[in-house]
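Chain nomenclature is as follows: A, B, C and D, assigned in order of appearance, with residue numbering initiated at 1 for each chain independently.
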Amino acid sequence: MIDKRVQTLADALDGVADGCRIMVHGFGVAGVPEALLNALLERGTTGLTIIANGAGRADSAMQKLFAAGRIAKLIASSGRGRSVEPSPFEAGWKAGRVEFEIVPQGIFVERMRCAGAGLGGFYSPVGVGTKLAAGKEVRAIAGRDYVLEMPLTADVALLHAERGDRWGNLSYRYAERNFGPAMATAAALVVAEVDKIVELGDIAPMDAHTPGVFVDRLVEVT
Amino acid sequence: MSKGLTRRQMAWRAAQDLADGVYVNLGIGLPQDVSNHVPADREVIFQSENGILGVGPAALPGKEDPGLVDAGGQRVTLIRGAAIFDSADSFAMMRGGHLDFTILGAFQVSAVGDLANWDALEEFRAPIVGGAMDLVFGAKEVRVLMEHNTKKGEPRIVERCLYPLTAAKVVRRVYTNLAVLDITPQGMLAREIAAGLSFSDLQARTGARLTLANDCRPLVAPEL
Amino acid sequence: MIDKRVQTLADALDGVADGCRIMVHGFGVAGVPEALLNALLERGTTGLTIIANGAGRADSAMQKLFAAGRIAKLIASSGRGRSVEPSPFEAGWKAGRVEFEIVPQGIFVERMRCAGAGLGGFYSPVGVGTKLAAGKEVRAIAGRDYVLEMPLTADVALLHAERGDRWGNLSYRYAERNFGPAMATAAALVVAEVDKIVELGDIAPMDAHTPGVFVDRLVEVT
Amino acid sequence: MSKGLTRRQMAWRAAQDLADGVYVNLGIGLPQDVSNHVPADREVIFQSENGILGVGPAALPGKEDPGLVDAGGQRVTLIRGAAIFDSADSFAMMRGGHLDFTILGAFQVSAVGDLANWDALEEFRAPIVGGAMDLVFGAKEVRVLMEHNTKKGEPRIVERCLYPLTAAKVVRRVYTNLAVLDITPQGMLAREIAAGLSFSDLQARTGARLTLANDCRPLVAPEL
């Protein structure tokens, strides 16, 4: 019997080690696995590379991880939130304690999909001629310039979904979906926190936005 | 000297150019207000890059849904006919040329349509590229909505951008509080100028050389 | 007001010209726009390139198009059905009247997605060292060989969906979805036949598998 | 001479090696029957490349759903926990290494695991590559299920494939009516041989050199 449910957040993070590359789901506040991030903070894991759309809102668990010095590098499309004050991430980056690789958001997600889909790379028109394409191979195809983008992988992906079942099927609420499906395909270990664990069959086949094959563990959070 | 339109009037002006049936992505900040000013007889569909086509008005207090935020973090609603998808599909839609317009904010726009809107090189703050770079390489037409000058009075329309570029030669039209400007092969054309402002006043507040359109009209908007 | 509905199959195919490249949705019998294909046959359009997963079942409208000599080229992953006798396509191909470009199914759909997503090409591990990769650029990435695959576009895509609305939102029934979403992104003109045209709002936002922005015309068929 | 297992028994044998919890794609034809022989105490999830994870048994007559066919064109059902997706996502799942096994039919398999299963170079028929080439480059392990010999008695296991390759050096295990064979760095190893057949009988019906496994066992299956 396939049963990917675990009982505690600590169990969900079992094996997540110092120096891991961790994808973190969410866009703004929607879809952020806040409970897993708080558990990661509690766990004490350090030297992390975080791959997420942004550095997190003020008072978010992610910013607490930055404040606690646990994150060595951020790969993201956004380095700041709407707060007036610089965030712990910004302070760390400006002080040289945190590395920051900024990636256009669509390339960020497409590189994860590329990895999860078993492809070796793709040619993208985005950023040609800008600082963010510096050092990348440029190639003219059918009269337009493209840069070669490479797959983006991780050791772990931390996701949030509204519902999950014991096979790991995940159903996201509206725009909480965002980066979840791509991240679920691109990490070696995929861990989801869900608002509710439901019976097998309760998620309709069309609503399993992330099919269970991609998910390794899920934990219910309240 | 005339300050021209208010910020709401600027958004109103940009909205008037959106024809019935167009698909539009709005940048964070001032451009988001454009959706509130589309004439009632037009169906204009707004995309939000976090995975919504058919973003509706802001949610009423107490009626917010945790799953419904737009790319700017606002609690929004969906209109009838809306569709939800993941980020990979959302950016495929944008980059693949399926949206008619993107209307973005900017730090600077150059005379040839270079856009700088992701890194203001601030001493204590980090940059945000978000989806802007994908959008400007993907949408059928790129428009900018911004104040004509910085708070310090410096021009945002310049001969050459000082900040890192989002993309070169992509902006086609700029809406400011003072003017509507088109970037054309013949240079930057003043199409509309705020009431009370002469062309030379406008030129004086602009860092790039402008050309006066033959049919230049006053830039006007209703009280809002 | 956006209204992509048309009244007749003939209106749906308006402008589809001789020599067009046409993507045809469907896998086996599921999702095939059979009514549009029959209308295409009636229309008399010829010299077509058909981009579809297969050549069509015996007695399908697609095989009738082959039999009528309307199709100059087929791009597909399969050249035969389960019939014991060779099909009109096979007869035409063997006689040199029809060109056949065979593409592995996953590359077939990924090349359409690539086109629809505005990318210039991608590196794929599929087919390396086989006849189907002959002539393609090969590149070693992280110790594995990949071939460069290019975008696949069309003038027209013909789709079938269970439900559609006046904005062009399409909802597919179960596995009728197959190539529909990718084809809808990759063709200049996208035409859908639907079992039922419903009111705007009747397709839930999570069920609009092809958002309306990709669709140009839809027609109800019975 | 022994004909070994029936076709149903061959499918049964392949099914016994599928552990609880594995994800499997079955090729068209004989491999599709594998799903009918998984031991009842195991959950094995079958993927169909047209966009189903969790394919169930064939639909009962009169209960067919037009939207539920598998890649072989059979009218199927879904099991509880099934998921539906489009072809791009389906092949991303396959090519990205997310499935544990693919079990395919073949025209020929070589001693080093080369697979030929898409073009039999028939005079009047066209080839089918379908999803086979994607699968063999994507699944974690590739297994073949086929008759040991052609109808004319020619070996399908050969030193070198005569037909165009689907992929080189990808097959790890072959199930036939006569044997279970593993392709190993030390060559092709006979793991199980059909009752009534000696190793030399098997070798005589095989076009590639075999090695007898130390622990070679009889290939047996229940009456089915």
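FYI, contacts are C-beta pairs under 8 Å (C-beta built on N, C-alpha and C of every residue); 3 or more make two chains touch, one makes a residue touch a chain.
Everything numeric here is computed off the predicted structure, so don't read it as measured data.
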Pair exhibiting more inter-chain C-beta contacts, C-D or B-C: C-D
CA centroid of subunit A to CA centroid of subunit B, Å: 29
Rounded Å distance, subunit B centre to subunit C centre (Cα mean): 36
Approximate Å spacing (C-alpha centroids) for the pair subunit B, subunit D: 56
Sequence positions of subunit A contacting 2 or more other chains: 110, 113, 117-119, 124-125, 174, 205-206
Junction residues of subunit B - those touching two or more other chains: 52, 78, 84-85, 91-92, 94-95, 137-138
Which chain pairs touch, all of them: A-B, A-C, A-D, B-C, C-D
Residues of subunit C that touch subunit B when the two form their complex: 1-2, 113, 115-119, 165, 167, 169, 185, 200-201, 203, 205-206, 208, 211-214
Residue ranges of subunit D touching subunit C (in the complex, touch as defined): 48-52, 65-71, 73, 78, 84-88, 90-92, 94-95, 119, 123-134, 137-138, 164-168
Interfacial residue positions of subunit A with respect to subunit B in the complex: 27-30, 54-55, 77-80, 82, 86-87, 89-91, 93-94, 100, 102-107, 109-110, 112-113, 124-132, 162, 172-182, 209
Complex contact set, residues of subunit C against subunit A: 110, 114, 117-125, 139, 141-142, 144, 146, 150, 174, 205-207
For the subunit D and subunit A complex, residues of the former touching the latter: 20-21, 23, 43, 45, 47, 52-54, 78, 80-85, 91-99, 137-138
